[in-house]
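Note that chain A is present in both complexes that follow, paired respectively with chain B and with chain C.
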Partner chain A sequence: MADVKKKMNVGLLLSVATIACLFLAAIFAHWLAPYDPNAGELSERLLPPSKEHWFGTDHLGRDVFSRILFGARTTFLVAILITVGCFVIGTAAGVTAGYFGGWIDGMIMRAVDLLSAFPGRILALVIVGIIGPGLMNLAIAMIFTSWVGFARIVRGVTLSVREREFVLAAKLYGLGNQKIMYKHLLPNVLPQLLVVIALNTSWYMTALSGFSLLGLGIEAPHAEWGMMISEARPYMRDYGYLLFFPSMAIMIAVTAFTILGEKLRDRFDPNFHR
Partner chain B sequence: MKHPLLEVENLSVSYQMENKRVQVVRDLSFSIDRGETLAIVGESGSGKTATALSIIGLLPDNGKIDKGKIYFDGKQLAGQTEKEWVEIRGKKIAMIMQDPMSALNPVLTIGRQMEEVFLLRRKEKVNKKRIRQECLSLLGLVGVTEPELRLNQYPHELSGGILQRITIAIALAGKPDLLIADEPTTALDGIIKKQILSLLADLQKQLNLSILLITHDLAETATLADKVLVLYAGKAVEYGKADLVLKEPQHPYTKSLLKAVPTMDLDKNIPLFALKGQPPKPGHLPPGCAFHPRCPIAEEKCKKDDALNGLKEPGPYGRYVSCIRPKEERKKLLSAIKLKPERSSKITNIFSGENGAPILEIHDLKKHFKAGNFLSRKVIKAVDGISFTVNSGQITAIVGESGSGKSTLWKTIVGLHQATGGEVYYLGKKLKTMKDKRAFYQQVGFVFQNASASFNPRMTVGESILEPLRAAKWNPKERNGRLERLFELVGLPMEKRNAYPNELSGGQQQRAAIARALSVNPKIMILDEPVSSLDVSIQAQIINLLKELQEKLQISMLFISHDLPLVRYFADQVLVMHHGKLVERAKCEELFAHPTHPYSEKLIRAFLPSEEKNKTVHLLCHSSHSEMSGKSLQNRERTLPSKV
Partner chain C sequence: MIIKRILILPVLLLVISFLTFLLTSIVPGDIAEGIILKQGGQPTEETVAAMNEQLGLDRGLFARYGQWLIQALQLDLGTSWVSGEPVAKELAERIVPTLWLTGASLVISVLITMFFGTAAAYFRDTAVDKAILGFSLIMNCIPEFLLAFILLFFFAYKWDIFPLVGYGSLEHLILPSLVLGFGIGAGKARLLRSSILDAMNSNYVAMARAKGLTKWQALKKHALRNALIPIVTSFGSTVGFLLGGSVIIENIFNWPGLGRLALQAINSRDIPVLQGYVLFATVFIIGIYLIVDLLYMLIDPRVYAKRSNIHG
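Moving on to the complex of A and B:
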C-alpha cells in the first residue's frame, strides 16, 4: 500500500519538475541559449551534435538547442494562453448555464452543441484561413473552437454542486446570484477542472505544433517545435537529429502535462481512491 | 465441545490514513452462537463498521487486520485468500447495508438482481422457472406483498421499507448462517424501522439465523439482541446479555448512552441528559481510558491507566465491563450521581405560544408538481391545502414519514417553490411578490439535516457564519462583534472561526449552522431534521442548546422531524403530515396523550415499546401519559381521516 502511494507521488513530482524546467527554460531562454536562435552561420550548416552545438545545427546553420529553448517559449506560452482563454470563456459559460438552468442553459448549451458539431481542428483551420495565419490568429481560432469542452464539463460539475445544501443556504441568507456563483460555485468547481486544464494544455501543444507543421502558425524565422519539425522534413533521411530533438521536446512536454493531469485526477477525484 | 458460530479474539484493525496508521478497532473479542443476535452499539467512528467488514473480508484496501483471530464455524477467516472468501461470502455470511436505495442497482429489475444471486451460486445447470419460484418464496418470507409484481419493478418504483426487505431476501438467498446487518434501519422511518426489526427477529426464529446487528441506537438493540457489545473508540467497554446490559448498565458510557436516547416519557421541563464533549477521532485518542474526558465518574488515575487493557470483569454470562473502578464503588457512584443534566437550572415553562402574537400564518397552502410526459400527465400533490399558525416563541413540529411533503412544505412557505395556491402571512403581512418573499426568508434562520453539506467546504466557518450579515450590509466591526456573541451563544470556541467545516466534528458543525441561522436575529427558525444525522450523545447537546436559545431569545421554531420522542419533548404544537395533507394538528401533550387520527396513532405506536422480545424495552421507553391526561381536548383541531 505504502509503495503505491510513493509511486504516485514520484509521478507527480517528476511531471511537475519537468514542467517547471521547461517553463524556466522558456522564460530564461535569452540567458540559457548559447547562440542567437535566428542567426544562422551558413558555413556551419547541418552539423551533427557536438560540444559546441549540443543538438547540432540546422540547414541554415542555426543552433538547434537554442532554437528548442526559444521554441519552448512560443509553444508553451501560446498553449497556456489558449488554455487560459478557453478556461475563462468556458467556465463563465458553464457556470452560468448550470446555475440558472432553463432557457439560459438552453441557449448556451445549444451554442456549445453547434460548435462541437464541427470537428475542432478543421474548424480552426477554416478560421485561420479566413483571418490569416500567425500565432495570435491561431490562438484565437483554437480558443474559439475549444472552449466548448470546458463549458460542458463546468456545466456538469456546476449542476451537481448547485444541489448541495450550502448553495441553498447562501440563497436563503440573501446572497445574489453573482455572489453565489463566484463565492460558492466557482471554488468548488475549480479543483475538478485542474485535471482538464492540465490535459488540455498538452492537447493544445500538439495541436499548435501540428498547425505550425502545416505552416499556419508562427512566421518563418522564429522558432517553434512543430515548425522545426516541418523545416527538418527535407533533411530527415540524412540528418535525423534535426527531427529527433524537437519531437522529443514535444513528447516530453506533452507527457509531463498528461501525467500531471492524471495524478491530479487521482488526487481530487473522490471516486478514484486506491 | 460445541464451539460458537463466530468467535472473534483480540481483533485489531487499522486504516492507513494519509501518513499514518490509525487503529480503529482495538483488541476486540466476542462470540455469536447459532441462532443468536449480537448487537454492536457505538457512535460514529467507534469502529463498528470496520469490525463488520473484517468479518466478511471486505475491509477497504487501506484497512488491515493487525492481529487477532476470527473463527467462523471453527475455521480461521482472517488472512484468507480472495478465492476462499468467495466460498464464505453470501453462502455462509451475508450482509445487508444501511441504505437499500444505493445497495440495489437502479437499472436492473428486482427480479434480475435476485436471479443473479442464484445464477452465481449454483454450479449445475439451473432452471429459470425454479429460480423464479425461489425468488417468489424468498420475497414471501420477508413479507413483500405482491411478489410477482415486484420482480418486474425497478428500485426507484419501490419504497425504502420494501427495498430493505428485498435486500434482506437477497442476503438470505444463499442460505447464510450469519447475517450482518449494518445499521439496517437508519435510513428508514419510525414505522418501517419497527417492521424491519420485527422481520429480522422473525427470520431469526424461523431460520435459526445468527445476526450481527450494527447500530447506534440502543433502543433498537432492545427489541432484537440477545447480547450487546458497546464500543467506544474501537474498544469494547461493556459486553454481556442484552437485558442485563440494558437494565443495569455498569459502564458509565453505556449508562450515559441509555440516558441520552430520547424516550416517550421525558420530562419536558428538564434538559435532556447529554454527555459532554464529543467522541474522540480515531488516531487522536486521549491517554489512559479513552472515555475519561467525557466520563461522569472519572478520577485522576483514569487519565493514565487504560482499564481497557487489562481489567476485564468476566462476570456471569461472559459479561465484562472495562472500567478501572471496582464494581461496587462504580455502582454506588453511578446511582449516586443519577446522571444529572449538565445544567441544574430548570427550564421555565416556555409555553408562551398561547399569548404570543402570530408570527407566521399559513392559509390553505398548496404545492402541486406536474410529472410525467404529455401522454400521461400526473399531478403530484406534495403539499395539499395546509393551514396553520406559528405564534411567537412557539415551537411547531412537523412530523410524518419521508415523502409526506415536510420539506416541500417549508420550501413552499419561504417561497423557494412557487406555491400552487394559498397564502402566507408574515407578521400579519401577506407575502405576495417575489420581493416580499425574499425579504422574508432573509429574516429566517435555517438549519439543515446535514450540517457538513450546508457549509461551503472552501470557506472558513467564520466567513460562512458572517455571510448573511455581509449580504445584509453590516459593517466589519459590527460583524465581528456579532460573531463573538454568536459563538458564545452556541458554545463554540472562538478559535474555530478560522477552521474549515471538515475540521469540525458533527456536533460543532451543527452548532456553527445554528450560529449562522441566528446571525440575522431571526424571529423564526426553520430546522429541517437538525439532529437526525448526529450521534445520540451529541443530539441531546444540540436539542438542549436549541431549547435554551428558544427560551433566551424567544425565537419561534418550525421543527421538522420524524423522531417522535424528541418532538414530544421539544415541541409545543405538532402538525402530522401524511401524503401532503395535514391529518392532525394539536398541542403536543394532547397529541401524544390522545391522538385522534389513526395515522397519528400509528406513528406514535411505532415509537412505543414493543413487547416482542425483552421486557427491558420498557425501561427504555415506557410511556407515561399520566402527566398530560388531564388536559382537555378542546384546543384540538383535526381533519377527519379521509384515507390512510
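Moving on to the complex of A and C:
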C-alpha cells in the first residue's frame, strides 16, 4: 500500500513540476527566447537544430525554440481565459440551482441538459465558424460549450452539503444566502472542481491547437503550437524536426494536465477507483 | 430517461438552429458584401441591397427563422449561398464518405476497446495491465491531428505504404480510420477495464466463481455483460460526434465528408449550409440515442423492466 501511495505522489509531482515549468516559460518567454518569435531571416530558413537554433528554424527562418516558448504563452492564456469563464458561469449556475432548488434548479438544469446532449466539439466549431476566428472568439465558444460540466458538479455538491449542520447553523445564525453560498458551500466544491479544471485544460489545449490547425484559432504570425504543426506540414518529409518539437510541446502539456487531473481525482474522489 | 432524452433533442435542435440565426445577425462584417466580393463583383449600395434581398437578409430575424423552419420540416434546407446548389443535395453527397469513416473507425475502436479492456482487467496489476494502461494514457493524450501527422509521416512519406490523402479506395480509408479508431478505443479501453473490475467485485461474480467457473469464464459470462453498459453509452455519444464528421481528420486527409463541408461553409460564411449541417448532426444524434437505448435492452433486460416500473 505504501508503495502505491509513493508512486501516486511521483506522478502528481512530475505533472505539477512540468506544468510549473511550462507556465514559467510562458510568463518569461520574453527573456527566455533567444530570438524574436515572429521575425524571420530568410537566409536562415529550414536550418536543422544547432547550437544557434536549438530546435532549428522554420520555412520563414524563424527560431522554432522561441516560437514554442511564445506558443506556451498563447496556450496558457487561452486555457486560463476559458477556465475562468467556465468557473464563473458554471459555479454561479450550479450553486444557484443546488441551493435554491425548485423551478430555478429546473430551468438551469434543463439548459445544462440541452447543452450537454450535443457534442461540444461540433457546437464550438459552429460558434467559432459564425462569430469568426480569433483567440477571444474561440474562448467564447469553448466557454459556451463547457461551463455545463462545472455547473453539474457544483450543483451536486451544493445539494449534498445544503442540509448539513454547518450550513443550517449559518442559516440560524442569520447569514444571508449569498454569504452562505460563498463562505460555506464553495470550499466544499473546490477539490472536485480542481479535477475538472485539470482534465478540461488538457482538452482546451487540444482544441486550441485543432482550431488553429483548421485556420479558426489564432491568426498568423502569432506563435501557437497547433499552427506551427500546420505550417510544418508541407515540409514534414524532409524537415521532420519542424513537426517534432511543437508536437512534443503539445503532448507534454496535455499529458501533464491529464495526469494531474487523474491523480487529483484519485485523491479527492474516494468513490472513483481505477 | 429514454423519453426525456428523445424529447430534449428537438428542443435542442430549435435552440441551436435559432442560435445560429441569432449569431449571423450580430456577426461583424456584411454577409452580402462578402459574397459579392467572393463572386468577383463590386459591392455598391445597389448590389448589396439586391444581394440582401436575394438572400432574404432584408427581412427580420424571426421572419427568416420561421421560414427556414417551415421549409426544413418539408426537407427543403434552402440553397447554398456559394454554390447555388440545394443544401440538402450537398449534405447528401457528403454523408457517404462520413459514413464510411465512421463505420471503419467504429469497428477499429470497438476491437481495441474489447481486446485491451478485457486483457487489462483480466491481468490486473501485472505488467500486461500496466503496459495497456500506459499505452492508452499516451493515446489519450495525443491530439488526433498529431497522431494523423505521425502516421502520415511514417506510413505515407517514409515507407510509402498508404496513399497520402484523398478518397476513393479502401487504402485511403485505412489511415484516417486508424487515427480515429485508436484515439477513441484507447480511452474506452480504460473505461471498460475499470468497469469490468467493478463488476468482478460484485456478489454475482463471487457466486459464479464459487460455483466453480474459472476467472475467465466468470469475466466473460457475467462481468463483461454488465461492464459493457456504460461503454455502450459512451460509444453512443462518440458515434454521434463521428457522424457530425470529424472536422480535423477529414481536413487533414482531404476526406470529402460532412466535417469538411462544415469547414468550407464556415470559411465562405455559407450560413444555409451551416444551418443544414447543424440540423443533420442533431438528427443523427437523436437517432444514435435511440439505438443506444435499444441496445441497452438487448444487453440488460433489467433496464427495460426498471424503466417501465418507474414510469408506471
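Note that in this section the second predicted complex is superposed on the first by the 269 of 274 C-alpha atoms of A that agree within 3 Å, B and C clash if a C-alpha of one lies under 4 Å from a C-alpha of the other, contacts with A are read in each partner's own complex, and residues count from 1 in each chain.
Keep in mind that, in the parts below, a contact is a pair of C-beta atoms (placed from the backbone, for glycine too) under 8 Å apart; a residue touches a chain by one contact, two chains touch by 3 or more.
Treat the numbers as computed from the prediction; the structure is a model and nothing was measured.
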- Message: So in the superposed three-chain picture, is A:38 touching just chain B, just chain C, both, or none of them (first/second/both/neither)?
- Response: neither
- Message: Let me test your reading of the model: by the given contact rule, A:183 touches which partner, first (chain B), second (chain C), both or neither?
- Response: first
- Message: With both complexes superposed on chain A, which partner does A:226 reach: first (chain B), second (chain C), both or neither?
- Response: second
- Task: Name the contact category of A:174: first (chain B only), second (chain C only), both, or neither.
- Result: first
- Query: More residues of chain A are touched by which chain, chain B or chain C?
  - Reply: C
- Item | Contacts of A:121 with chain B and chain C, given as first, second, both or neither | second
- Message: Which partner chains sit in contact with A:206 here, chain B, chain C, both or neither? Use first/second/both/neither.
- Response: second
- After superposition on the shared chain, which partner residues are touched by A:250: those of chain B (first), chain C (second), both, or neither? second
- So which bits of chain A does chain B touch that chain C touches too? 274
- Note on the structure: The chain A residues in contact with chain B across the complex are 1-2, 164-166, 168-176, 179, 183-184, 187-188, 274
- Can you list the chain B residues touching chain A in their complex? 16, 61-62, 414, 416, 438, 441-442, 444, 446, 448, 450, 453-459, 464, 467-468, 471-472, 516, 520
- Message: For a test of understanding, state which residues of chain C touch chain A in their complex under the given definition.
- Response: 5, 8-9, 11-12, 15-16, 20, 23-24, 27-29, 137-138, 140-146, 149-150, 152-153, 157, 190, 193-194, 197-198, 237, 240-241, 244, 247-248, 251-252, 262-263, 265-267, 271, 274, 277-278, 281-282, 285
- Message: Show me the residue ranges of chain A that touch chain C in the complex, using the header's touch definition.
- Response: 110, 113-114, 117-119, 121-123, 125-132, 202, 206, 209-210, 213-216, 226, 229, 233, 236-237, 240, 243, 247, 250-251, 254-255, 258-259, 273-274
